[in-house]
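Scrolling down, you'll hit the structures one after another.
Across the two complexes that follow, chain A remains constant while its partner is chain B and subsequently chain C.
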Partner chain A sequence: MSRATQGRMRFWLVTGLAMLAAAACVAAFWSGSTANAVVTGRTGEHLIYPAPLEMVFAPGGNRLFVLCNESDEVRVLDAQSWAEVKRIAVGHEPRGLSLSPDGKQLFVTNSWDDTLTVIDAGTLDVTATWHVGAEPSSVLEDRAGKHLFVANRISNDVAVLNAQTGEEEKRLSAGRGASYMTESPDGSRIYVTHVYPNASPHRTAPESEITVIDAERATVVDRIPLHSIAGVFHAALSADGRLGAVAELHPKNLVPLAHLEHGGAFEDTLTLFGADVGNRTVEVPLDELERYAARPFGVAISPDKSRMYVTSGGSELLTVIDVPRLLRYVRLHRAPFVQDLAASANYVVARIAVGRDPRGMVFTPDGSRLLVANRLSDSISVVDTRTNQVVSTVAIAGPRKVSVLHYGEQAFYTARYSFQGQIGCANCHIDSTFDGLEWDLEPDGFGRDIVDNRLIEDLKGTNPFKWNGGNPDLPTECGPRTEKYFWRSENYDDLTLTDLITYMRSLPSRPNRWKLPGYELTAAQARGKAIFERSVDKFHQPIPLQNRCSYCHSGPKGTDQKSFDVGTKKPTDDMSKFDTPQLRNVALTAPYLHDGSAATLEEIWTIYNPEDKHGRTNDLTKDELNDLIEYLRTR
Partner chain B sequence: MKLGVRALLFALCGLVMASMCGFSPDPAQKVGADIIVTAAPVYVPRAELRGAERFPKGAQLLLVHDGKAESLVPDFAASADANVSFDGEMVLFAGKQKAEDPWQIWEVNLTDRKVRRVLTTATDAERPFYLPVGRMVYALRTPQGFRVQSDDDGHPPRYQPMDPVAGPGPVQISFTRSSAFPADVMRDGRILFETGYPMGTGSIPEMYLVYPDGSGIESYRCDHGLPRWGGEQLTSGDVVFTQGQALARFTSPLAHEERVTAPQAEYAGAIAETSSGAWLVSARAAAGERYSIRLWKPGAVAMETVIAEKGEDLVEPVLVVPRTTPKRFPTALHPWSYANLLALDARLTREGELQGTPATVRLEAQDANGRTVVMGTAPVEKDGSFFVQVPGDTPIRFALLDAHGTVLRQQHGWFWARAGEQRICVGCHTGPERSSDNRLPEVLEHTTTPVDLTHARATDNAHAGSR
Partner chain C sequence: MMKYGWSKLAILVAAALAALSGAALAAVPAMPHYRFENFTTANGLPDNHVYAVLVDGDRIWAGTNNGLGLYENHHWKTFTTKDGLAHRAVLSLAVDKRTGDVWAGTMGGLSRISGGRIDTFTQLNSGLSNDVVYGVSIEGENVWVATAAGGSRLNLRTGQWDLYNERDTPMVEIWVYGVSATPTKVYYAVWGSGVLEYDQKTKLWDRYEDPDGETELVLFKDQGLIHEITSSVSYVDNVLWVSTYFGDSRYDGRYWHNFLTKDSGLPSNFTNVVKGVDANHAWFCTDKGLAYYDGKNWAVYRPSLTTGKPEMMVRDAQGHVTEVPVTTAPAHNYINNIDFQGGDIWVATSKGLSHGILQH
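Coming up: the complex of A and B.
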């Protein structure tokens, strides 16, 4: 071989390899182009991110509607290229999205506006905005096109609207914090879940339900009990209607929170229902011995019922379940299964890492792909349902910088800081609120100093924190205390803690549904306000300053930030003085008192104030107490 | 272009043929990092659990670079038990400057080979492992056998903890009267250690977990009875170990061990996982032969020898690479001399139904001389719950008694609770797979004061604590 030939060979060899390398680079770049938007900086600006929450395909599958919770819009994507087609502005904090059965209308519930946006799915124009109940969180239209069903989180009910006019015809009582709905494949039944537990006696296991509605008659026909469950999210039914599943939290709030190992604080579970499980309920764990599926939210069953998928917001993963194996397991073994962390080995076939705070899911029309909305990554993971691999990640266009608030929200919703990734802030502060539970924390002693969980909105100016007022500020509350007694593992670095605190301080108070427009008071509210502010009782006796409602619950947020003995100390309490809680949205946050012993506001005075130490109230009639409560609800 | 395509094909064919003809990369190169191994003329596996010497004729650490081995610390009479720092730059090891010295903990800087004594003890100190926050854990020989202990590693903490695990100085971690050795530091921050099963009395090597402050002691898994040692956590979270002379693993989904289908050989102790997912193992074909370091890709039918030394057993392979720092554990111990233990349902066990109804629970402790001392009894509620205060940092065990005082079940071995620890047991030997039920234990409905079992008593106090 001549030297020239050798040289040519070397040239072409090098050229060929260079081309291969270039092709690899192009391929890498191409695949990367669908990944999340490039982060170009960290900023203290208040930026608005899309925060994709729920998705639905247009009939025919050519378009994907993506509900963006933070940017208050529906993004319309081309289902082939994932290119953005249009942004449709909707109301504030949209939470629910569905298509009409004929595919012509898209419905969006705007949870903080208390409105329903109706969008023409063809023209992509908003055609109507209807007022609905308090904090509407999901919506479904019946098959006949007669009624719209709207689950209202704050009013704990399902509003039945005339589908043509949007006029409300009636309300159906649902579970507390009614939020998510799914219908049976034939459309005859609607299954409603709720995020806060129903009322149950103090220091007993929480109770929840799946409210079953007859869609044609618009009546509740069943309430499927979910014992020991607090926090129920998406539901799914198989295409044959024989298997249903809800994603849920199984808290351990009655057991002292001494450590996290072995599911010591929460278990992440599914409850199965329907004919496939003998028309009973069967709770099955998603967790393993050392790996947890923290905060399950979305659940989807493949069209052929071979697989079930569950998103876990805290663990940032998608759990894949083999449905035949799951059914075989629950049929062949004796319940209960929920305390067995080895059970999931019998039916979980994959755990797929996705983005941050994964929420809703949707199958592509051919079922070959499952899309997962990653709320805090502003992306959609596209999962190959055959290989259980994320084949691409679709970025939902948003700010190129990451704000401190966004980092803080990510820290709030992840479980990665806790021992074995079991829990995060959002476990007990569902959607940055509360959980309606009382907890037995370890440092005070087992069974001692039971504490009710508090709402964390509008925190500025409400310190100190903890019921004993022991934590002077949020960095103390969320830093070493959380590390030692909740996460039981290495906590945030200083920067992340600052992000988290900044996020928590930014949480606004949600709109108060008991206030009239213009903040006028109803007659009852005005009477209640007078009672709240009175200085003389009904017997014309002066009420000592410290025994007036308005003394401790002073200021715009209803707290003087001090601790008082209001006679609520229990034998299991070490202290008699408790921090004065703020009154913002107090109507939402039952149970009440430091230990959650008062199931209602009324019980604070009718049961737990025998000596008038918690305000002078024993001179009041029931009607007057009702007036006081009516006023408190406006705070 | 045609010529170019031909050349490319030629090159590819050449690569394929080269690999078929055995011109594949050297196994040492496949590892992709330097290796440190312990070489010993005589190696007696698990001898240390019996208080004997693993390396009765000495040992030395070898640094293997590009397939060539050199002594890591040539000035030492003996060296073993290498553990690479999280940044991959330092190595903790057990060493003897003179043959008659006890094993001590040393550290060598891999850049300049400077050696530093980390710890001075009167007795053997072995098996050091780095912990986060400037601490280390090791085994210290005592009259009762080796115990697990932690201490400062001489480096300033990279992060000043709000509540350091123990402050400066040594912290005893294991408290039974039998030898225990750290095996690995888990990513969740816990220490994996080996001791005999049943703990404190038995001789079957078994693996346990404990937090770096000595609290939270528990079996890794409860399918006891098989000799397990040399546990090492992989990046997947699985723990691979030697079971007898084979390899096995614990995985997160399963409550029992899973055999590893590896080539037929006798394996010894811990493995090391390479960045490509292959394992470095210490293995020999049969008894009487020498252990060498082999590379095995899980699923492959054969292993490749990375390094073998004539007349030497090569064991304890570690890779010289940076690795993820385990989570720092924030201790929550209270300033007490005792511990509080709450059993949610003592009737629950993986050992079958109880033959009777438990009425009381009896606590026994071992005194300083190893004698069993009855500390008293406490009532067991109808739901199986009991709440007791026990002496901290002391070997203890429970027995469930019926109303006639007949023992229904006796704990197999001994365990401990750290002074200041508050802990919950789901049942009595229920296994780590058993999660608690969300139920208010009856005992806490009656009292939040534990029955005091911290002092040996002549009379039982079955009704103490009720109020």
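Coming up: the complex of A and C.
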């Protein structure tokens, strides 16, 4: 072969390879099947990412509907090529989606709009938008097509809507933070899980529940108690209906966070229920020593009940459980299992790395693949259910740059910065809110300096932080303090800490559901406002400045950013002055006071203000106290 | 003559007796007959002192002095303060027919029993006006409550509490014994202050008083409420039934009709509860037996006040009283409450709970 020929061949070979590569890149880009969007650098821009959260296949399996939490869309993908077919705009912060039993309609709950979007699953057009309850987080239609059930996170209930008109017929009392629903295989029961624990006596273990609804009668027929659990996410039932499982957090909030080797602050667990476990509840750990499954979220059971899959948002992995081995283990061993981190080795068969903050899952119709939505990677991991390998990663098209905010959000939701990857910020600040718990944080003795967890929205202008006001700013609060007390490591570099704080400062205050449209006040709220702002008591005596509500709780956020002794020091407290908390969305954040001792807003004054140090309130009638609380709910 | 005379007399007497007997038999109105099955602590009731009873489909709830009893599938289950009940003494009960939740007014607050979970609202942890809850009634999304310190209303959707007392209603006393709430009108029985009416549309209050004032003399019968000391209200088919400790009243929006022992079949003027079936039929729970009124005739069911034997007395519209032979009666003559299960009745007494099974 001549040199010239060789040169021509080399030229054509190189050219051909280049063209093939280019074609592959183009094809990959258009089909959305590359690992992720091309990153061209960190940016301070406020970019909107898709943030895939939940998925469902269309009947027949030819399309995949992907709920994108940040871009407020449903992305419709071709289920063969994963190419994007359509983007359907929905409401703000969509959180849940489901198909009607006949497959003709797709329902989406928009958590910040308090709306439900109805989409024609065939034409992919939005056909209706219905108003529902406060922070709707998931939706299911019953098999008869009579009712839609909507879990409302803030109003702690399940709304029952007429499935044809969207008219709300009633609300069923659920647990606190009602968020996710799963129906039994025969459709007769709906199981509701909750991200916050129910109210329980101060300094007792949290109590959560699975609310069980009779779908035909649309009434609550049972509540499966989940002892010591706070933060319950997805539930799954086996195809034969004999085994149920919920992904959950088991906090250790009653003891100081001093003991790390068995999970310092949380156990990451499942609770099993149903006939396969004797119609009782059995809590089983997902963690192993040094291999934590931080912040379990999604749970799915394979159609043949051989495997159970659990996503862990903090650990960014998918745990695969051998169901027969799991059932054998719980039958042959004596509960409780949760403290035994050697237990999971008996039934966990794989831990598969996926993307960042993995959330919802769905099986392909043939069950050969499991798709995992990686919310903060904007991708879907495709897992071979036979080999337990990620066989491909589907990118959900989004910005090609990664913003500081996006990095910050990733830092917030990951557990990689803590000792052994045990916890992340989102463990206690569920979905960037709070957890409804009081904690014994510092290793200063059992039961000392108990602190209530606070909301972290709209933080600008609310420093200092910590109940003792000890941290002057977020870099201190989130940096050294967090590393010292929570992470027990020094893993943040300056850039990561900056990202994290930028993200936290960006968290807005969620809409206040007690405010009327237009922000006018009801009669009761107006009377309460007058009490809040009064300077003279009912006996015409002037109220000292520091005893007026509006003095400490001043400004638009209801804090003067100072500490006061309001008479709430307990024998277990080392100090008597506490930081004035902001009042934004105060109605949502029970319990109250620095240590969470007041179960309700009322108890702040009916029980814990005997000397009028926490505002002059003992001259008020019960009516007037109710008015004051009605006003506070609007803050 | 004597012979003829005696014969004639005998015939006349026999004829008269026959006529009287026939007339009497013909005059006995067809009032419902029941076979009573009684429950006490001996067969599972939490306590014999039963303040309230509620029929919830096939389930029977009994508010007793020592816990809340649930009778289901022939077994009693008891809820106590250990289960989260506000107080052991359960005074009133209501079911939210939309959701199936049961509300229990107790001596220590208001409890909601929902799917087995009990949530409790007290004057310390909620906007409830007072912990002694004599009455509770559900209307739509509102829970209306009668307490020892006024009325309260909880909006289940917003969580807002509204209180009703002497400051914002024409309520003279604030000791509220009963409440009956409907989408159009809400009535409160206020002990010593008559009846308060709340118009849901206009949001205005009205008050019905005894035209005789607080006197126990009845100077103006049928011209208004029979007495200020009201113990319960029942609003059904646009007719208000009111019980007091001094007789009872019916009000159709225009005319009042009062019931006293002296001119009705009421066994006693001391009435704990009246519950209307419809505009013309009502049950009266008195200290001397259970009375049923069908618009014209009365029937009283009780253990005899003298012998303790089962007794059923029927009084027709003309005032003829006939004793009807029966073999069973409510557990005691002191009747506190009643509820209906199809044709059957469930009766709360001070000495047990009775199931009246309709015979004919």
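Going forward, the second predicted complex is superposed on the first by the 597 of 635 C-alpha atoms of A that agree within 3 Å, B and C clash if a C-alpha of one lies under 4 Å from a C-alpha of the other, contacts with A are read in each partner's own complex, and residues count from 1 in each chain.
We take it that a residue touches a chain if its C-beta (ideal position, glycine included) is under 8 Å from a C-beta of that chain, and two chains touch if they have at least 3 such contacts.
Everything quoted here is computed from the prediction, not taken from an experiment.
J.: Counting only touches as set out at the top, which of chain B and chain C does A:431 meet: first, second, both, neither?
T.: A:431 contacts neither chain B nor chain C.
J.: With the two complexes superposed on chain A, say which partner A:289 touches: chain B (first), chain C (second), both, or neither.
T.: After superposition on chain A, A:289 lies in contact with chain B alone.
J.: Please work out whether A:537 is in contact with chain B alone, chain C alone, both, or neither, and reply first, second, both or neither.
T.: Touch status of A:537: no partner.
J.: Touching A:322 in the superposition: chain B (first), chain C (second), both, neither?
T.: It touches nothing on chain B or chain C.
J.: Identify the partner contact of A:612: answer first if only chain B is touched, second if only chain C is, both if each is, neither if none is.
T.: Once the two structures are laid over each other on A, A:612 reaches no partner at all.
J.: Could you tell me if A:629 is touching chain B, chain C, both of them or neither one (first, second, both, neither)?
T.: second
J.: By the touch definition at the top of the document, which applies to A:602: first (chain B), second (chain C), both, or neither?
T.: Only chain C is touched by A:602; chain B is not.
J.: If you count the residues of chain A that each partner touches, which comes out higher, chain B or chain C?
T.: Partner touching more chain A residues in the overlay: B.
J.: A:155 contacts which: chain B (first), chain C (second), both, neither?
T.: second
J.: Answer with first, second, both or neither: which of chain B and chain C does A:560 touch in the superposed model?
T.: neither
J.: For chain C, which residues count as touching chain A in their complex?
T.: Touching chain A: residues 98-101, 112, 114-117, 119, 123-127, 129, 141, 149, 156-163, 165, 167-168 of chain C.
J.: Can you list the residues on chain B that touch chain A in the complex?
T.: Answer in residue numbers: 1, 3-5, 7-8, 10-11, 132, 159, 162-163, 188-189, 216, 218, 237, 252-255, 327-332, 334, 340, 342, 344, 387, 422-424, 426, 432-441, 444, 447-448, 450.
J.: Any idea which chain A residues touch chain B in the complex?
T.: 8-13, 15-17, 203-206, 228, 250-256, 258-259, 261-264, 267, 285, 287-291, 338-342, 344-345, 348, 419-420, 442-443, 445-448, 479-480, 483-485, 487-491, 493, 572
J.: If we count contacts the way the header does, which residues on chain A are in touch with chain C in the complex?
T.: Touching chain C from chain A are residues 155, 169-173, 198, 209, 211-212, 217, 219-223, 514, 524, 587, 599-600, 602-603, 606-607, 621-623, 625-626, 629-630, 633.
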